[in-house]
Amino acid sequence: MSFILRRLGFYVVAAWVALTVNFFLPRLVPGNAVEAIMAKFPGTLQPAAYHAIEAMLGIGHPGSLWHQYGSYLNDVLHLNFGISSSNFPAHVSTLLAQTIPWTLALVGTATVIAFFLGTLLGILAGWRHGGWLERLLPALMFLQAIPYFFLALLLLYLLAVNTHVFPAGQGYGGGLVPGWDWSFISSAMFHSLLPAFTIVITSVAGWMLQMRNVMITTIGEDYVLAAQAKGLPNRRVIFSYAARNALLPQLQGFGLALGFVVSGAIVMEIVFSYPGIGLLLLNSVTSDDYPLTQAIFLVITFAVLLANLIVDLVIVAVDPRARTREAA
Amino acid sequence: MTTALPINVELPTLPGAPARQLGRWGRLPLKAKAGVILLGFFVLAAIIGPLVAPYAPGYQNPNPALSMNAPSAAHLLGTTQSGQDVLSQVLSGIRLTLELALLVGVIATALSVIVGVAAAFLGGIWDDLLSLLINVFLVIPALPLLIVLLGYLPHTGQTATILVLAGLGWPWGARVIRAQTLSIRNRDFIAASRESGERGWRIIAFEIVPNEVSLIAANFVNTVLYAIGASVALAFIGVTNLSSWSLGTILYWAESQQALQLGAWWWFVPPGLAVALIGTSLVLLNTGIDELGNPRLKDANQRARVNGRRLLPTDPTPVLNAALPTRQRTPVVAFMHSFSRSAYVSDRAQRRLSAPKPSEGQQ
Amino acid sequence: MTTDLGGPVPLPAGQAGQGRLAGEPVLSIRDLSVVYRTVTGDVRAVDKVSLDLTAGEIVGLVGESGSGKSTLAYGATRLLRAPAVITGGSVHYQGRRMDTPIDVLQLTSHQLAGLRWQEIAIVFQSAMNALNPVMNVHSQLTDVIRAHLRLPRGEATEKAAGLLDMVGIPRARLRSYPHELSGGMRQRIMIAMALATDPEVVIMDEPTTALDVVVQREILGQILELKERLGFAVLFITHDLSLLLELADRIAVMYAGQLMEIGTATEIHHEPAHPYTKRLLRSFPALHGPRKELAGIPGTPPDLHSPPPGCPFLPRCTEGTDACSHIDVRLARVTSSADPEHMTACPFVLPDRPEAATSGSGSPVSVRPSTEELTS
């Protein structure tokens, strides 16, 4: 229990660092931050937009830096991220609320599926070392090295643009209105197949390679030999003795890699014009929409931190030693 | 515990047995060799590429007929929307991307070694603080933070990108090196050095770091991988400077000019493929280094075959004079298997053995 | 205990016959050779070693690291992993109720699974490494009970609790994990686990090497007491000869993969018949008796890639001559010994040395009849 509390404390610290970086960054830019930002917008901007940026930077509030910091934190806690300058006058939080569910559904599901599939394949590859799975290794390494969005481009080109097997992008069919009816949901699911497929293919390779290596090392341990000596059925030796122990470093690796997987998937959404955070990010970067960009950064960071906490919980559930071990 | 005898591969050969004197290159695992060769090809392309490129990457051929052309004799990789030669762009891009990635790798690895060793060596409150710093920057996702950081910089040229990437790329290596240094630090030969009065930094430089070379090498390769991936992604989103021709920038323009929808595969496939192949060569290299360092991974490759038959770790120790037990196969699978190479090999191996004694109770 | 193994395939059970006769060995290893196939050639880890184990006796197997003692034991149960290959010999096992012995080397993996643990169990050296860190004691005890004895869950738990009682560990420890236990407790749990299915043979691979001497004594006492009670035979592997002199009935000395000497503990102690055994005896202090100077054995074991011809101990032997490099190393009976089964591989120490040992002729000399003709 203390382990979980310590991890929670760590994540709170990390979240605080992210928030503070967000707060101080515009102030570190030499010169008046607001002026510098405004200078990026050619032509005139409505005074309301000016105020929006001031509010985001906390400059609009009178008072010392500390006071601004405090009100900034207060804003974040109330999920008030300011007003988007590119989609003025929409609130950033509204924009986020529209796009987060899409990304969560796609990236969340695909990542978990990829992890389970990759781990299972890795267990088999580690046990049946030298089998036909080994010959796939170079191909798997190639898949692991491909940027997510490039594979998306390839797959789209091959399967959607040329052959029309899959839809060429978007979150759902044109003309449909989002709602909880079956035609919309089925269309949404169909449109998410190719993006999900892309994520799964690229990340399965990584998980499988990692699990295979860990399994090979674990199979060399004494307790696996002891399990064999006990005359236990092979299934039990491989899964309860070898795989269960190999799972621990694999889960830790999962936690570490989550940031990269999520980032890659979000960029991949751009290729599909998928109505998730990725597209929002592209637009906000291209139009220098600072409130939105910073808010997206915070949201992604918090999501990854939360996912890491969940992974820690799983590790504690699986590894009896973690309950007494100190935080890394 | 299978007490494996110290099998030292460096021994002279048996009299009469074919000599297998492998040089240092020959003893590298196949994966590492493939990785080095592939990487070497791209390094070569980076060095001489822009010199042999037929056109300047940004040169826009004003002839409208040459816009968005498929590969032809004049343009080996086709042209872009504005008549630029894709091949020249890709060659220039390889050089830029590799330059950037290598520089980031060097800086970040140096930083991670310094921080990692310092944290392990200083111990106490310093170690706690540095570890916290490392862990925080490990857990915060890199790409969004990079986007935010680069967004606020007044100009985002190559130098700025390198520095920012390096600034976020060192924590991973620092953590690994710190862990390794901690375990080495507690070993006896370090205590012996200390007792004999060696000064701290000398111990670090001459005793500890040499023991971590393969770790540092793997760390360097991983950092380069990260740098390539991150820089390409950043360029693709349009965060970094769009006036320099890196591989990611080419992809940005391809995407924004709808190359995909217009079917201009020659525009986005070559740069993406280049990124993927460079990445693959690095992963191969890394796996090779892994196998060098982890004897179990290497041994597993060698152990897997005895008498032409692949053995699972849960199979019992094979007995040479007994007839090799066949796996239980359904008739169809057995028929198909009889055509495979492994069936042929094991038949040959069986015939090559001395005539087996009549075995009792087999199967 | 019947030979109806709960495992996948039962071993041949005794018919209307009487089962194993008195005096017949439980485990009979004959001329076993194990080789490790590496890229640079074969390493002869075990070279034609023969060893018998009768019911209820403790046989000690002693030797330096790399002498092949563990390889012999694991090879006999076919637990060695690639690149190990068994290149010759036979291993016959005959349980209490079995009429005829079975050859372990000819079994399929299903039959082997039935044989393992239920008939031949192993206590590993380092209990911390040999126990699964993520399973608690209860699971590790009951999975082997349920795999072999096919008991329902409740009875299996009860039996596991009974096993803990037998080795003197509180029942509450069933729910503990290995890292929560002390070294001595872990080793006792390993022993309890080994006895879970009432085996005939227990192979103990340096079970006390990783423990301090006080705990060592407790564990050894426990082993002896359990052996008296349950009647299993023990193959005790160790590098500590002094331990075996107290514990074992018979002792086998291995060097460079070959058996150098085998005999009763008393004979080995007082009338060692091999220079290596003599040097081993001199290398640890005795608790009683006059102080004597400790002498190690300078030099290192030979490289098993290309073992030199003749006696492997020759380079380090103070009594060897040139002729020793020409002999065919085989075990032969020590006729002067009180133990009729006392055998040695050294022709030197035997009073009736043949002239061939001093002739210095280059021809390999088979000094005496082979082991098969001599035993039983």
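Which chain is which? They are A, B and C, in the order written, and residues in each are numbered from 1.
Everything below uses one rule, namely that a residue touches a chain if its C-beta (ideal position, glycine included) is under 8 Å from a C-beta of that chain, and two chains touch if they have at least 3 such contacts.
Everything numeric in this text was worked out from a predicted model, so none of it was measured.
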item: Busiest interface, counted in C-beta pairs; value: A-B
item: Centrality ranking, top chain (CA atoms only); value: B
item: Centroid comparison with chain C (C-alpha atoms), farthest chain; value: A
item: Approximate Å spacing (C-alpha centroids) for the pair chain A, chain C; value: 55
item: Inter-centroid spacing, chain B versus chain A (mean Cα positions, whole Å); value: 23
item: Chain B-chain C separation of Cα centroids, rounded to whole Å; value: 46
item: Interface hub residues of chain C, defined as touching at least two other chains; value: 79, 81, 112, 124, 126, 129-130
item: Shared-contact residues (touching 2 or more other chains) in chain B; value: 1-2, 304-305, 313-314
item: Residues within chain A bordering two or more other chains; value: 222, 225, 228
item: Residue numbers on chain B that touch chain A, as the complex places them; value: 1-2, 31, 34, 131-132, 135-136, 138-145, 147-149, 151-154, 172, 225, 229, 232-233, 236-239, 251, 255, 260-261, 263, 265, 268-269, 272, 275-280, 282-284, 287, 290, 294, 296-297, 300-301, 304-305, 310, 312-314
item: Residue ranges of chain C touching chain B (in the complex, touch as defined); value: 34, 36-41, 43, 45, 65-66, 70-71, 74-75, 78-88, 102-103, 105-109, 112, 124-126, 129-130, 205, 303-306
item: Residue ranges of chain A in contact with chain C within the complex; value: 221-223, 225-233, 236, 240-241, 244-245, 248, 318-321, 324
item: Touch list for chain B against partner chain C, complex; value: 1-7, 9, 11, 13-15, 17, 20, 302-307, 311, 313-322, 325, 359-363
item: Chain A to chain B touching residues, read off their complex; value: 10-11, 13-14, 17-18, 21-22, 25-26, 28-30, 36, 127-131, 137-138, 141-142, 144-147, 149-150, 153-154, 156-157, 161-162, 168, 209, 213, 216-217, 219-220, 222, 224-225, 228, 234, 237-238, 256, 258-260, 262-264, 266-267, 270-271, 281-282, 285-286, 288, 290, 293-294, 296-297, 300-301, 304-305, 308, 328
